[in-house]
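Have a look at this one before I ask anything.
Each chain carries a letter (A, B, C and D) given by its place in the written order, and its residues are counted from 1.
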Amino acid sequence: MALWGGRFEEETNREVAKYTESISFDRRLFRHDIAGSIAHVHMLARQNIIPQATSEAIERELLKIRDRMEKGDFEYSIELEDIHMHIESALIGVLGAEGARVHSARSRNDQVAVDVRLYLRDQIDLLLEKVEFFQKILVERAETDKRAIMPGFTHLQHAQVVLFAHHLLAYVEMFGRDAERLRDCRVRLNRMPLGAGAIAGSTLPIDRASVAEELHFAEVTRNSMDSVADRDFALELLSDLAIFGIHISRLSEDIILWSSQEFDFVELSDDYCTGSSLMPQKKNPDVAELSRGKSARLTGDLMTLLTMCKGLPLTYNRDLQEDKLAIFDALDTATAILTVYPGMIAKMKIKADHMRARAADPYLMATDMAEELVRLGVPFRTAHSRVGSLVKYCRENNTSPEKLTLAQMRESIPEATEAFLNLFDPEASVAKRESEGGTGFRSVERQIAYWKERLA
Amino acid sequence: MALWGGRFEEETNREVAKYTESISFDRRLFRHDIAGSIAHVHMLARQNIIPQATSEAIERELLKIRDRMEKGDFEYSIELEDIHMHIESALIGVLGAEGARVHSARSRNDQVAVDVRLYLRDQIDLLLEKVEFFQKILVERAETDKRAIMPGFTHLQHAQVVLFAHHLLAYVEMFGRDAERLRDCRVRLNRMPLGAGAIAGSTLPIDRASVAEELHFAEVTRNSMDSVADRDFALELLSDLAIFGIHISRLSEDIILWSSQEFDFVELSDDYCTGSSLMPQKKNPDVAELSRGKSARLTGDLMTLLTMCKGLPLTYNRDLQEDKLAIFDALDTATAILTVYPGMIAKMKIKADHMRARAADPYLMATDMAEELVRLGVPFRTAHSRVGSLVKYCRENNTSPEKLTLAQMRESIPEATEAFLNLFDPEASVAKRESEGGTGFRSVERQIAYWKERLA
Amino acid sequence: MALWGGRFEEETNREVAKYTESISFDRRLFRHDIAGSIAHVHMLARQNIIPQATSEAIERELLKIRDRMEKGDFEYSIELEDIHMHIESALIGVLGAEGARVHSARSRNDQVAVDVRLYLRDQIDLLLEKVEFFQKILVERAETDKRAIMPGFTHLQHAQVVLFAHHLLAYVEMFGRDAERLRDCRVRLNRMPLGAGAIAGSTLPIDRASVAEELHFAEVTRNSMDSVADRDFALELLSDLAIFGIHISRLSEDIILWSSQEFDFVELSDDYCTGSSLMPQKKNPDVAELSRGKSARLTGDLMTLLTMCKGLPLTYNRDLQEDKLAIFDALDTATAILTVYPGMIAKMKIKADHMRARAADPYLMATDMAEELVRLGVPFRTAHSRVGSLVKYCRENNTSPEKLTLAQMRESIPEATEAFLNLFDPEASVAKRESEGGTGFRSVERQIAYWKERLA
Amino acid sequence: MALWGGRFEEETNREVAKYTESISFDRRLFRHDIAGSIAHVHMLARQNIIPQATSEAIERELLKIRDRMEKGDFEYSIELEDIHMHIESALIGVLGAEGARVHSARSRNDQVAVDVRLYLRDQIDLLLEKVEFFQKILVERAETDKRAIMPGFTHLQHAQVVLFAHHLLAYVEMFGRDAERLRDCRVRLNRMPLGAGAIAGSTLPIDRASVAEELHFAEVTRNSMDSVADRDFALELLSDLAIFGIHISRLSEDIILWSSQEFDFVELSDDYCTGSSLMPQKKNPDVAELSRGKSARLTGDLMTLLTMCKGLPLTYNRDLQEDKLAIFDALDTATAILTVYPGMIAKMKIKADHMRARAADPYLMATDMAEELVRLGVPFRTAHSRVGSLVKYCRENNTSPEKLTLAQMRESIPEATEAFLNLFDPEASVAKRESEGGTGFRSVERQIAYWKERLA
């Protein structure tokens, strides 16, 4: 043993303390830790496990500690490892033996579980607010530009004419589902684990339901081992945020494309870009790019947590201390994105004339022609083939459908009527797609009205 | 160009067809593709877009095609690329122009979207059935062994005495949340995209609501671009399955540990193990190991789909064809796990005596002593310190708490009463943890009763 | 126990066999399994562990089995679980007791390890060939179009003028690093594990080095437990392929952008696209899109394997049987991509005139002006600011730098010389960037020459 | 626009600056940024692009800035965005126009590329040192305990007798491959990108090779677009660290198992555990658990970076600014693990007697018996079956192989000799596995000697 004897001694304590501490990141839970402790001592007093006066003294001192922490007037140290020990230790520092009653019928395992759930519940509420604000901005934007026409893309190729508002509303749908998922997640995490103790519950006559009520939990958890081992709520939340990140990455991709010299569909406000005094043509859509980049962190954080939980035996294992880093990073990232994005959308200028010009390609109305034929009774595949012939005719004769006479058109499409000559106006094309959910003007107005009411 | 001229020609068509085909995997959607087409032509006929007789003829022939596919009496070819084209082509082969009407007011983009949603809805229903069956088996198992006592673990260290049934019920909770999540996912995917067309909706007078009704969708999607671009339902489903995989990996880990010579808590049925005629001591828990391994695929499939969707511009991009491989692999994996796992649990024998012996360590009742003191009015941290002194006393005197006289005990714990002499019975320890969700016998019976009713 | 009694019996064997079999996917290892067995019996005979005649008989029969497997004339059954048992069982079927000697001093644990390494070594060689062929095509392409000029992008914004060839050569670099990584991985997996036995080595007088030599392994593994527990070679290979996938996804993104109506830089050959007879403007870059989608599977497969290996105790665990599915999927995906991609690049037409027109923006030469000033002794930031003033002047006077007289230019840039009037030609701009690795014509020619020699 | 007019104004600048800044994390690059700038100005002076005196002044001031940053005597502000601007701005603050020459023939795109490579090169060197130190500790540990015997596991079931040292040496192999991979990665990142400019190279007469030489790069990068777009070196490094994480997670799993009451093979030093004054039986292996948890972050960070890079068009995109967060987190995590782990291994006590007792099961020598028969000429499968009969005989007669007489043994194994009676000693079993890489005492000594020399 001689070889390594002494080499580690001096450094060990400091290094291990640094390695195992969580106070550097779990301190953000202080409000929720204190709220949990206050509800806990209220219950302990009601159940005569501690005296009423003790409960009151503890509450009073906890509120003082909270104030000091709010003000930044509190000293943290990695020796006290985590936020729970910091608070309990400060409490005992003042109250002595009375303070030492706070931890009755409780363990750090159920304490951290209730803290994190309380914190995430607040964070989800904040996210929901921000998601809905963002949806409102998108809907306003859609309403303001509700007549702007653009080419709609599949395979990044022009497919059909659509309204710019319709494109934006597709994202309102996505963020709407994100909000639904966050609400479902909130239901599932809104179950109170306190009282599970270290693992097996308590031998003291605790009343968990009343603690749940005071802390506004909808119910108590049903199994104490699950209560301390479970990280589902975090896995579900991080899944929801990863999917939200996908939506942001897609919207960002659209905006980056639209901002390129080649597309030139929108101009972002200078506030959200870096330019170059040398290269005035260059207006880098930094916020959109960074958001696309940050969306990757949301996926990575989910991966971290899934890998971390994989294969852990029941119940609590210290690995799970690391969950908070992934959870907090994902929350901070999503919150940051939602903080800057609405303003960028609100202040983005659209180049409606250029968009419309790009959408004025008569071939974008090819489906309109085929459906016009279906309306006249032609089977769809036949209609499709007729229009195909017309396209071929135009290419061979170096012309374009909207320039043909009816007679010329009938060479390819014998069923063509006068109406066919008027199929090539982008506005008219849009106007006809009034099927529910279509890009028609009225359909889009219905969508806008729906969302305005729902988000009101 | 000379250098590569000719080199690619011959092979190109075959190679590209092989690269781009999906019929090898999307053929499993045939029932749902046909169901969707039948509902679609019913609507087309109701709306007078196609004749009633055509609708009837198409329905009749589609059902015949379905029968042939069911029987394996249908030839597939990568030239026809995907399941939609195979079916439409077979239909036109028989009905000619009439068959060619089936694709009116529809595109492959909304068609595949409705197919996949119909398919996943069925798959979720199947998964829910299997998850609930598995929960029933776990609950039965818990009931059968409801008096078996074991050490409960934190940090893979003995922490407190728990019931084996309580440990199993923790997993019933986890799978219960999995089922909740699958049900939420089902709500969100149960929205009908058909009618979105390629991207912009239809110019024909379609009635989407009636198609939704016929196909038992709760509502129609609200935005056509979102309808063809969205893969949220798959991302959410794969997230749910990845989380389910985590639960399976943890249960598998527990079972593998329990089956080791060192733990020796359970004996798996030979059906689920490989043994060795050479090494009779060896009974490899293969099914548990493979399940833990397969859980990794659920995480990997989710990562595939997240990465695939990241940064795609609206709307449909061909990348998304690959989504089905990840979705199908995850579904097949989860289904396979749920097919073998219940039987393994049902047939697992527990070694109750050995488990109980491992739980009979008096130090596992240290918390009981501390809480007994709290009951007598001693502040928790003081109680904790008293018990700590007792432990020290025992170690120094090479004895053990359950062997002490009251007088000896009082050297460390002045408040100790006669009752303290009877704290070291594992059954008694369990019996006292009757707080809601605790491991007490009655608490566990309440859990069993709850689940039996809910799963009935 | 009554409730589930009998329910599982009938199905169990079949279901578990289906769950645990690997023959459906590991059969592709048959050549390597047989090669490994032949080298093994050669050694056993040399070491007098089995008779020489037995070795010869086994070799003869193994080669026959291989032939039957090659021809598809071999029946597989999930009862025999894996490829090793199929082959040994067929061997014993013919040779009886003699065949039963093949498995001396061997276990399935080291056998599968050597099989997979032999297989991957071949697969890496195949991949290297394909990567290098692809690089050659890119280099040829660069050479053919070596004077084509395009805007170079940062932030998807025009930044500076570059050669199209230079852009392609950036990918040659990336694929070059992929090849380097594959070669490094090959070195590390080219170590022979046979002889590790189940875990502890053999008590028989085996000669591992001679087996390694016969199988062309560079060395033998040094620790038997590591030999059967290790999956590094697969993790490393899948990492390499995931990074390769990133390169493919970026190249695909570039090609998809270039093929859009907005960029319109290239036209893909019809062989690699789907078009639409209705929408002639639409030529979907399916192969590029699918490749970008498939790249996600490479990331997902890596995540599967990392998650699978995480937290496994030594040595072999059955979880690892699943590794092959991720490995094979990644290999097949990468190979498929490399099979179609070179032809797509070779047959892609570039629209050189349009590209050049897009690059003719004088503001793309802003850096050239600044560097011209630096050449005259002006500090860079001052130079930068001078050119900024010029840009501002042009914008305010609604003109453009290339239209200014020297006098006008000197209002913003007092140091400007006649030479400044000739800075706005894209070819000239390119020609000046002859610093090593720059986009200058000669620099690009040097790169082409380098790669032609290296890939020869 | 009225609705949102004004709402965003006030906050926008601050919020966007906060969103886009990188100084909060890239400041750690300051030493490398300054080293890069010094080499750059040396070259600029040699090439007469700037005066020699300017180069000297810039170097002098840069060194002063570095000193201030080292001492923490430097003010950072998110307005100056990143470390490059902080340093250049401080330089110009002192030197005025002279300082403004530093950025000649350079862009932030190639500057950050060289900074990160320099930083990672140092970090890899540090990691290599730490990995090798850790290997040394493991080898010393193996040497100290080189006669300790334990059961070797497959499927977490006892398989064969092995040396504890052999088990540890398996990890030395794994970490050895980690070091190899890091060295390969270092080769690939040790190529100098400076001179690539923003994207296209420089028009000034720079000499990249001499900068590379001064900064100890082995070569310069070959393509300027690749130089600023490439993140391979980071992807490769993070892959290497993820694989290293897998090794750590497996070693941690082993240690956690060994520390459990059930295994009881080792006792960790108190320094690396938390105990409980209440539950003396409990000694939580926190450092091992946290390390297993932290390994998940290494996988998650890799996932973040892969997802981030996926589908980005060439060349630089702002998404890539986020790469540093994943890179730094992975480096810090790996470094932290390597800082605490060696001490934990060095101070871990093994319970050699208990380990040996667990290994003394005669069935662990079943393979020895079979191989003894092979030695006598019995075909392996026959030998296997003979031993199987013996096992059955023992079980039926409630005895154990080591208790049998030769006559009894011969009932099952007619070929048995006297030697068979002495097969059941664990030391003897180990001693016979002297095949290369086996667990034999001499084989293990050879491994130790190999590593001692190699790590010297």
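Rule of thumb we're sticking to: a residue touches a chain if its C-beta (ideal position, glycine included) is under 8 Å from a C-beta of that chain, and two chains touch if they have at least 3 such contacts.
As the structure is a prediction and not an experimental result, all values here were calculated from the model.
Between the contact lists of subunit A and subunit C, the overlap consists of B, D.
Comparing chain pairs B-C and C-D, the larger number of C-beta contacts belongs to C-D. Here the CA centre of subunit B is 33 Å from the CA centre of subunit C. Inter-chain centre distance (subunit C to subunit D, centres taken as mean C-alpha positions): 23 Å. Multi-chain contact residues of subunit B (touching two or more other chains) are listed as 154-156, 159, 257, 284-286, 289, 292, 295-296, 299, 302-303, 306-307, 310-312, 317-318, 367. Those residues of subunit B that touch subunit C in the complex are listed here as 1, 3-4, 7-8, 11-13, 15-16, 18-20, 137, 140, 144, 271-272, 274, 284-287, 289-290, 292-297, 299-305, 307-308, 310, 317-323, 325-326, 336, 339-340, 342-343, 346-347.
On subunit A, the positions that touch subunit C within their shared complex are 151, 154-159, 256-257, 259-263, 276-286, 289, 303, 306-307, 310-312, 358, 361, 363-364, 366-367, 370, 384-385, 387-388, 391-392, 395.
Taken together, the subunit A residues at the contact with subunit B in this complex read 49, 92, 97-98, 100-105, 109, 152-156, 159-162, 166-167, 169-174, 177, 180-181, 184, 188, 195-206, 208-209, 220-230, 232, 235-236, 239-240, 242-243, 245-246, 249-250, 252-254, 257, 292, 295-296, 299, 302-303, 306-307, 309-318, 367-368, 371-372, 374-375, 379-382, 430, 432-440, 443, 447, 450.
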